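Dropping the structures in below, format is structure tokens.
Here chain A shows up in two complexes: once beside chain B, once beside chain C.
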Partner chain A sequence: MMKAKTRRRFLEQTLFWLFRIATYLVLAAATYIFLDIGIKGGRTVFTSKPPFVNLEFLSQPPQTLYVFDFEGKKMTLGDREFRQWKVQHPGVEVEASSVAYSAGGIWPCIVGTALLVIGSMVLALGIGISSAIYLSEYSRNGPLIRLVRIAILNLAGVPSIVFGLFGFGLFVIFFGWNVSLIAGWFTLGLMVLPAIITASEESLRAVPQGLREGSLALGASKWQTIRKNVLPYALPGILTSSILGIARVAGETAPIMFTAAYAMKDEMPWQVAKFTDFFFQGVMALPYHIYVVSSKIPQNEYTQRVQYGAAFVFLFLVMLIALTSIVLRERSRSRLSW
Partner chain B sequence: MFQIAASLAPFDQFASGFSDTAENLHGLVSDLTEQASALKEQLFARAELLAQRDQLERSGDHDGAQKIVVPEVDRAAALLALHQGAGRFESISAEMTAQLYSLLAAAPSLPDPAEQKSFDQWKITTRDYLAALPIASKKLREWSADEPIPWYRSISSFLFGREWVTASFWQDWYGIIPLLVGSILVSIVALLIAVPLGVASAIYVSEVASVHEKRLIKPYIEFISAIPSVVLGFFGIAVVGQAIRAASQSSWFSWISFFPISERLNIFTAGCLLALMAVPTIFTLAEDALRNVPRGFKEASYALGANRLQTIARVLVPASLSGIVSAILLGLGRVIGETMVVLLCAGNRIAIPDFSQGLGAVFQPVHTMTGIIAQEMGEVVRGSTHYRALFMVGLVLFTITLGINYLAQKFVARYRMSIG
Partner chain C sequence: MVNLLEMPEPTSTKTASPTTTPAPEPEIERGLIEIEQLDFVYGNHQVLHDVNLKIQPRAVTAFIGPSGCGKTTLLRCLNRMNDLIDGARISRGSIRIEGVDINEPSVDVVDLRRRVGMVFQKSNPFPKSIYDNVAYGLRIAGVTKRTLIDEAVEKSLRSAALWDEVKDRLHVSGYGLSGGQQQRLCIARALAVEPEIVLMDEPCSALDPIATAKVEELIRQLKAQYTIVIVTHNMQQAGRCSDRTAFFYLGRLIEVDDTTRIFSNPGQRQTEEYITGRFG
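Take a look at the complex of A and B:
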């Protein structure tokens, strides 16, 4: 009897330790990724001298890097510096090997990603909140609404590349928008729409029925009730959960690969001839840039700077957004009670 | 040594005589291939010139359009010439058949009984092949270039085609099987890693961990799900692939037959990284399911004298099983639809892995459905067969994920019922 009990206890402890190890293995793997990219990317992004941040990397467009031997020294110069150097050293013939994208910085990519995120979130929030209001406040539970709900539920699981394919077929080709910001906005917006609708509807439903009934009893119309007595209380919840949508929009590469992103573009997005051209231009985007620099150029000491630097900045931005959303949610969970 | 060579001399003679008989057929095949490719090229060139002229015509440049001379291609004559190949094939194959039958009749016998047995087997196969030649000849006679390809053939050759060849000079193939197999293998590897980790950590967090641990681990694992896939893919190229290859070269693993591996980017590399993406999904949903088991279930189990492990294994997990299964299914949905990690880390070789190595197949590069869309969509000619094939791949992917989602919802519904 005693023996059986100790054996059982031993088995229990062993298995619990296995569970514990599995859990911490996951945490350790993620931590390793954060540390590896943090340390190696940190070398690019931070400097030991004031202002401690590598402003050149954050504020310059990408350039081609030239590597050559000169008077026994190994020189690595960016495209522009290399041309200057050639002017300064007339008559010197050097055999320079070039590595694309490996000099300069990632400024246009940061701008492009910011534009894509802002535009698509405005679209998704606009459409998403409207349809959530319709679904939770106006619609009756008929077969059509059930179909809409099933569609929303299932669209949430559709792979992002399929959204990219859809956006390419519809916006880029059928509407003739070409590879452009606006095509990217719509594609990304559609991609997060299911998540936003679900979250918004949940927040709207969490507003107690009494608030609506009180307002209606005082003679307010339905829309007045929604605008004054439902939306203000639901909005914090809606925004909190849509921050996670922002992280998803910013983090996705596949949908923008052939709808909005260029591998290289010389002008900044605001350098356009006409106002309308702004919407119909492709942009550089940080995730696509990371894809390009990690797949199209080799892995070596010259390319590592840009590869890890871009990955670091991108990871940092997305994680910051995700962290905000997690913290806000934890807070609202403990605070919100009707 | 010499004795062996001497004893094999008749066999050697037989073998070379055997291969000599096919010479004429080889000649015919290469002649006809040349004719056919020449015709194909002419037709292509003509189509291109026509398109050029059309474009000039549309942009209003009539003179420029008139200047383009479009050569006439005598398609009918060329096809007739090709057709005459069927007659030549008949005479050549008849000649070859006769020669081979006489050769087979006089085939030498081998000293080793096992070898003799397989040699006999081979002779039977050869006779079967020769018997099938008249059928091939009949097919050649009946072949017509103008015969339309029925719709079911194009669907079946897409769904069951074992080759995906694009931009080939001779013939493009769009068969989804290599991509499907790639996607499935990568997902299997990812789930084999992610399911034990995800479910174990869900059980740990919901049943074993202290409150402080819980408050730290849960947000952290959710945080992992926000790591952008392209960053994971880059990490795979920069670190994981290299590490796996280095590990396979170490002497510790020298007893494994397929180590060291040659490719650093392969199914396993991609699977490891995808596992990290699937763990948060599986963890979050499985933990939810475990937490939602009514308290009474647990308390009843304790009251009957069960310890914690018994309660988990006999009560909590069975009660939440359909929830856990749906968590795994949603994890699978996430893995199979993931693009950037497989595009960067799966090796991008369009081929069905060689399963003869057993588990070693897992260390071969593949291409996946998501990867092929991402890689080829940007460069494809709009409206071409290739373009449509990529959309078809997207459709298949869409259907698969819808199916997985549907199953997961079914399981969730059952789970709700089982706990009331």
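Take a look at the complex of A and C:
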């Protein structure tokens, strides 16, 4: 009798601790990731002297790093500095080893990611809100609409690398857009479309039916009702959920690696010969850059700087976006309540 | 014979509108509703059976009856709000407003709803200012002149007996008002587009007795200008503010008569039992 009781208590305790440890594991993982990126990346991004932020890292394109011994000192110079140094030291021959992308900064990657996000979100919001309006306000439940809903669900489950491959096959090859911003926009846009449609539809459905009926009963047409008395109240919800979509678009590497991303590009996106070239140029992007500097170049003690610096900036941007979404949501919640 | 001068639809002709009333004055025609042999179904479920009812203009007609008897459905037929519900349709019969069948394809439902206003059971002010709530219908109709809208807002709020309470805070959200005030705001909003008929679906069901008394007083005043149809669960309310009362039971119109007569000397046993509280 006594023994059975002890055993039961032991079992209870074991399970309790098992669940507890499982829960705290999340905390441990998050702490480790943030500390690791924070400390290692912080060394790149922050400086000890004012302005305390490494502006060069944020505002310069990547450069090749040259490492060599000179008069017993180990020199590490970026591409441009190295050439200057050679001019200043004529006649000196040095054996320099080069490390790709490990000097300079990540400015073109930040710009490229921003361009990819803006374009694909404009596309996804345009198509997504339109179809959410159709599904929520106009469509009647029939077999075709059920099929549409199944398609949305399935599209949401497609792995991002498959989107990348699809974008490559359709936009890059078949449409002949090559590796370009526009191909990346469509690929990323289609990837977040299901999330946008679902979020928009939920926001639209959250608007009380009484507002629609009240408006229609005053002689408003259906579109007037949607435009004046449904969409304005659903829009804050749509936009806040879409900001999470932004985080996803900014973060995915697989869809852009075949469709829009270049490992290295010397010109900035606005340096194009003619206006239309803007859409048909590849760009550098943060997640792809992290991928390239972490796996496509030989690793040594000089490569960590850019890897963790870029990861730090990237994480910071994504957190900023998420924070904006939370603040916006709280604001719109307090303003609209029914 | 029917006087056609008042008809807004030029498409309707004499032959299309057989009416038995002998040549009434045009003024009396305005706001007249005639329901004939109306059957209504939700999918396969028939909720109204052979309803014949003539609703007099410039009077208050109350629909009473137990829950699920079809009175709200009938009310929502009058401005075609049932169009919004999947599978809901009129399977037989007709509703004519001022002699025009409102379910004819040629009838513009948007125009119909402007002429037949509605106040809902659950007050539904828009999340806008009091002013914008009342101005909504006018702006929708394309009125842009500020002075016209100002005038109409004040007039409607006065008609709804709300002006004195809100005149200093017209640009404050309508959500800040009390329940009774919100419902009167919805009435003001419906009046702002100058309808001919006002439908009220249990307008006082969520209100306290004082707010109810105010709305009822308002209804009595409004009948001088509007045809009013009110659905109510509250028998006393029907007695207090209606001129005619229609009693519905299980989707059928059992009896319709002057309110005083229905309450003092009903013609049908079911009506009497319902009114005296033996069922329902």
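Operating definition for what follows: the second predicted complex is superposed on the first by the 312 of 338 C-alpha atoms of A that agree within 3 Å, B and C clash if a C-alpha of one lies under 4 Å from a C-alpha of the other, contacts with A are read in each partner's own complex, and residues count from 1 in each chain.
Convention: a residue touches a chain if its C-beta (ideal position, glycine included) is under 8 Å from a C-beta of that chain, and two chains touch if they have at least 3 such contacts.
Because the structure is predicted, anything quoted here is derived from the model rather than measured.
Once the complexes are laid over each other on chain A, chain B and chain C both fit without any clash. In the superposition on chain A, A:12 contacts chain B only, with no contact to chain C. Of the two partner chains placed around the shared chain by superposition, chain C is the only one that A:208 touches, whereas chain B remains out of contact.
Within the superposed three-chain model, A:323 lies in touch with chain B and out of touch with chain C [touch as defined at top].
With both structures placed on the common chain, the touch criterion links A:233 to chain C but leaves chain B unconnected. Look at A:140: by the touch rule set out above, it reaches chain C but stays clear of chain B.
Using the contact criterion defined above for the overlaid structures, shared-chain residue A:331 touches neither chain B nor chain C, since it reaches no partner. Touching more residues of chain A than its counterpart among chain B and chain C is B. By the document's definition of touching, of the two partners only chain C reaches A:218; chain B does not.
Figure legend note: chain B and chain C, brought together by superposition on chain A, show a least Cα distance of 24 Å. The intersection of chain A residues touching chain B with those touching chain C, taken from the two complexes, is empty.
Contact residues of chain A toward chain C in the complex are 140-141, 208, 210-221, 224, 228-229, 233, 336-338. Residues 8-9, 11-12, 15-16, 18-20, 22-23, 25-27, 29-30, 33, 36-37, 153-154, 157-162, 164-166, 168-169, 173, 244, 247, 250-254, 257-258, 287-288, 290-291, 294-295, 299, 304, 307-308, 311, 314-315, 318-319, 321-323, 326, 330 of chain A are the ones touching chain B in the complex. Residue ranges on chain C touching chain A, taken from their complex, read 79, 81, 84, 86, 110-111, 113-115, 117-118, 120, 122, 124-127, 136-137, 140-141, 175, 186, 189-190, 193. By the touch criterion stated above, chain B contacts chain A in their complex at residues 196-198, 200-201, 203-205, 208-209, 217, 219-224, 226-235, 237-239, 276, 279, 283, 307-309, 330, 333, 336-340, 343-344, 370, 373-374, 377-378, 382, 390-391, 394, 397-398, 401-402, 404-406, 408-409.
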